[in-house]
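As written, the chain order gives the labels A, B, C, D, E and F, with residue 1 at the start of each chain.
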Amino acid sequence: METRTPSESRTIVTDLVLPSETNPLNNLFGGELLARMDRAASIAARRHSRRIVVTASVNHVAFNRAVPVGSVVTIEATVSRAFKSSMEIYLDVWIEDRESRSRSKANEAIYTFVAVDDTNRPVEVPCLVPESDLEKERFEAALRRKQLSLVLAGKMDPKDATELKALFIAD
Amino acid sequence: METRTPSESRTIVTDLVLPSETNPLNNLFGGELLARMDRAASIAARRHSRRIVVTASVNHVAFNRAVPVGSVVTIEATVSRAFKSSMEIYLDVWIEDRESRSRSKANEAIYTFVAVDDTNRPVEVPCLVPESDLEKERFEAALRRKQLSLVLAGKMDPKDATELKALFIAD
Amino acid sequence: METRTPSESRTIVTDLVLPSETNPLNNLFGGELLARMDRAASIAARRHSRRIVVTASVNHVAFNRAVPVGSVVTIEATVSRAFKSSMEIYLDVWIEDRESRSRSKANEAIYTFVAVDDTNRPVEVPCLVPESDLEKERFEAALRRKQLSLVLAGKMDPKDATELKALFIAD
Amino acid sequence: METRTPSESRTIVTDLVLPSETNPLNNLFGGELLARMDRAASIAARRHSRRIVVTASVNHVAFNRAVPVGSVVTIEATVSRAFKSSMEIYLDVWIEDRESRSRSKANEAIYTFVAVDDTNRPVEVPCLVPESDLEKERFEAALRRKQLSLVLAGKMDPKDATELKALFIAD
Amino acid sequence: METRTPSESRTIVTDLVLPSETNPLNNLFGGELLARMDRAASIAARRHSRRIVVTASVNHVAFNRAVPVGSVVTIEATVSRAFKSSMEIYLDVWIEDRESRSRSKANEAIYTFVAVDDTNRPVEVPCLVPESDLEKERFEAALRRKQLSLVLAGKMDPKDATELKALFIAD
Amino acid sequence: METRTPSESRTIVTDLVLPSETNPLNNLFGGELLARMDRAASIAARRHSRRIVVTASVNHVAFNRAVPVGSVVTIEATVSRAFKSSMEIYLDVWIEDRESRSRSKANEAIYTFVAVDDTNRPVEVPCLVPESDLEKERFEAALRRKQLSLVLAGKMDPKDATELKALFIAD
């Protein structure tokens, strides 16, 4: 079966925060950022699978820092693990300082997409082979997150979630 | 300390899906739904806390059903548990059939908001006292989700996540 | 013939006023509120008729109070009277105070929608049977407004507008 | 006191109907047209009064013809009568045929705006002196509409609405 | 062959600058003005050719003056010269002062559109016959701009650009 | 004086074409692409100058290929030459094929931005030192384009435009 590396799906979206995209505190409106990340994640999933893709779930988004109007925001979306027909996409969001050009992390998010055919049925996607240390770490954690998601949805018995269980029952 | 019931924060947003809000498959664009839910959740959090509120995290969103253009979509957002200064908001999303007027569940989502003062510092919020069975069930589960979120963020040792642990070590 | 009550069509839309929806005075832009009310009214008309509906006219909208950015606005749209194939929808718009949670009336509006079939031809709609006192009052007034609209459009001789005439020739 | 003619306030807005502005039937969405007319009317009111203006009411909008995607739409807004601090604006909306370039009327609307000072208090506006026959006709009718609006709002006794009364009690 | 005058294609778009259309300096966002001019130019090209038209190029846009939020902006678009199947459109943009109603030039722009048939193939358009002095001057200059554009795109040998050459080799 | 390379300002924006961004032919609306390029170019100019930047002119945009709804579009914006306080930004736009992931050029554009201080006055920007062959070629051509722009604006005598003149008077 075909395999792909994370760098083949990596998608970069750099954009401004205009006044029309803010909340009443003059920071980027949370809903607007969620929408931008959804667009970036869908491109990463499409690049990995070369298929039509649809959002299956948003697994986690942490809003650690407010993003003020006028900021330059960069979203980097990469497939972190591929399952049968679904793909976990890991997103990192940075703001960059205008004068120093140094960038700082504003948010992280995890979305899941499914590849479908023209009749909207799930189709298999290539495996992901992580390369860097960070990619490997996220690849490992993705399995735990998948089990967690199944457990929370009542589709997996907690006792079968071996990866997760290990987290709570060390030694 | 002041307490509030879930029905005091319940927020209903019924709206159409217009062509400008669709993806290329003519269904409601995932990012647009995420943004609408963020708006509804922020109103529920504001009604519970009577404070300025900001999105802290999106904990889970499951896109179970595509929402076609022309649909009438109802989002119902309710505070499911209040912690010190944060609130978990549970959202249910329904589509309604035009001819039968019966409605069916399209999505569920969980967002977390934090109440802040004018200087953007977290402030305490009233406790939530659940009333119905569903409200009680979601209130209980909220604690497990909170621990999970802390564990995943590396801010809590899995061994201390007693609620969660119980899930995996049933005897 | 089938009948329906106003509560069967009642549609509630609660939403924020974000900076992208304001005029240069930082209040909700009039055109944006007109558009939101059109969406809410069309859902109420659709719920009453269970048909495709199109806007026929806006009969009256009074902007009594400016709605500042950051407000929580609730639009409540209810069918106030059904004619052969048209429906009058009455809209009430409230703003709610964040700290006291008391709400105050900001606007009222009256829209008319027509139910159509797939070929865009008008089709009959169920009768409306008002229940509460306010519903009954609006139901009565709707007939006068209908006659007025026909008179103003030159489609009814003022002498035949019996309901209206009574308004001006009280003894 | 200063006077102005209708042509001094006439405002022309010609624009396309793009897919993002349609309803699910692929015609211009009613709410979008209401918003465009509000913008045009506010410019006409501003040109007449040379003041900040705010929407006071929408008195009548008739949607006679659907406006399909791809259309060229022209809105013409003109002050039809000035009262103490308020102005009635009459709007005509046309669609033009691409091949023949002939244009046909799609809608008519009547909006009322109020001129205000920096503290949001109503200020006097110049009188309007109609010139053409159509302008004179609309000027006359504006008084009847004003009385009507006051009667409907319960701010004028129908018996005092002399202009309106005459409409119903012709001998 | 059929001919048309510039006044037959003249298109006027007067609109407000709302907060949702600004950059972080509270002036009209450049991209928004480019989009509005594209809409106006496409209508002028359509009126001249009575055909479907598509943007071929933006040849020049000078942003001479910032346009502050709350401004009334008028875009006037007119076909300045027609070639085989393409048309040059000249746009003038004015801001008007609220109190004096005097208007001042804010921008100028030149766009090129091509007329196409249903299969997207270029079709011939009527000739343009300029009338006023300004129209004649722009008509002449359009040929030089066309040559320039071909030279810059490497589609014309500079030596054959007789009109342009004359500009640089005056004796 | 400080210098910078083109790669220090390179800005990548990858995004989808959603239905709300199309023209009636279901291709990306020209005005929307112009707005997206303006955003990308402003970020490149800001990265080079580390200053507030404003659009000065759009010098050339060629729409060579229609971009259909559902496409993945990548805009790459890079400063191609810096003058005293202005910067020329060269933009390349690609569409990528979903199945082969090969990308093809859709458009090219050239924008000019000016760096300003807080009082909106032009300030000096670092020099640009091109590195690759393509960067060097664009750097050279930028001077000719600058002269051309000045000549067309009547701000430079064609006889002094030495770089341009050479283009037309080859021996």
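Observations on the structure shown:
The rule is short, and it goes like this: contacts are C-beta pairs under 8 Å (C-beta built on N, C-alpha and C of every residue); 3 or more make two chains touch, one makes a residue touch a chain.
Keep in mind that this is a model prediction, so the values were computed, not measured.
Two chain pairs, C-D and C-E, are weighed by contacting C-beta pairs, with C-D ahead. To find the repeat of A-E among B-C, D-F or E-F, check which pair has over half of the same contact pairs by residue number; it is D-F. Look at where the CA atoms of subunit D average out and do the same for subunit E: the two points lie 31 Å apart.
Computed from the mean C-alpha positions, the centre of subunit B lies at a distance of 43 Å from the centre of subunit D.
The geometric centre of subunit A is 20 Å away from that of subunit B, both derived from CA atoms. Within subunit E, the positions touching two or more other chains are listed as 16, 19-20, 29, 39, 42, 52.
Those chain pairs judged to touch are A-B, A-C, A-E, A-F, B-C, B-D, B-F, C-D, C-E, D-E, D-F, E-F. In the complex of the two chains, the subunit D residues touching subunit F come out as 16-20, 69-70.
Interface residues of subunit D, counted against subunit E in their complex, comprise 11-16, 39-40, 42-43, 46-47, 50-52, 72, 98-99, 101. On the subunit D side of its complex with subunit C, the touching residues are 23, 25, 29-32, 34-39, 42, 52, 54-63, 66, 109, 120, 145, 148-149, 151-153, 158-159, 161, 164-165, 167-170.
Contacts from subunit D toward subunit B in the complex involve residues 19-24, 26, 29.
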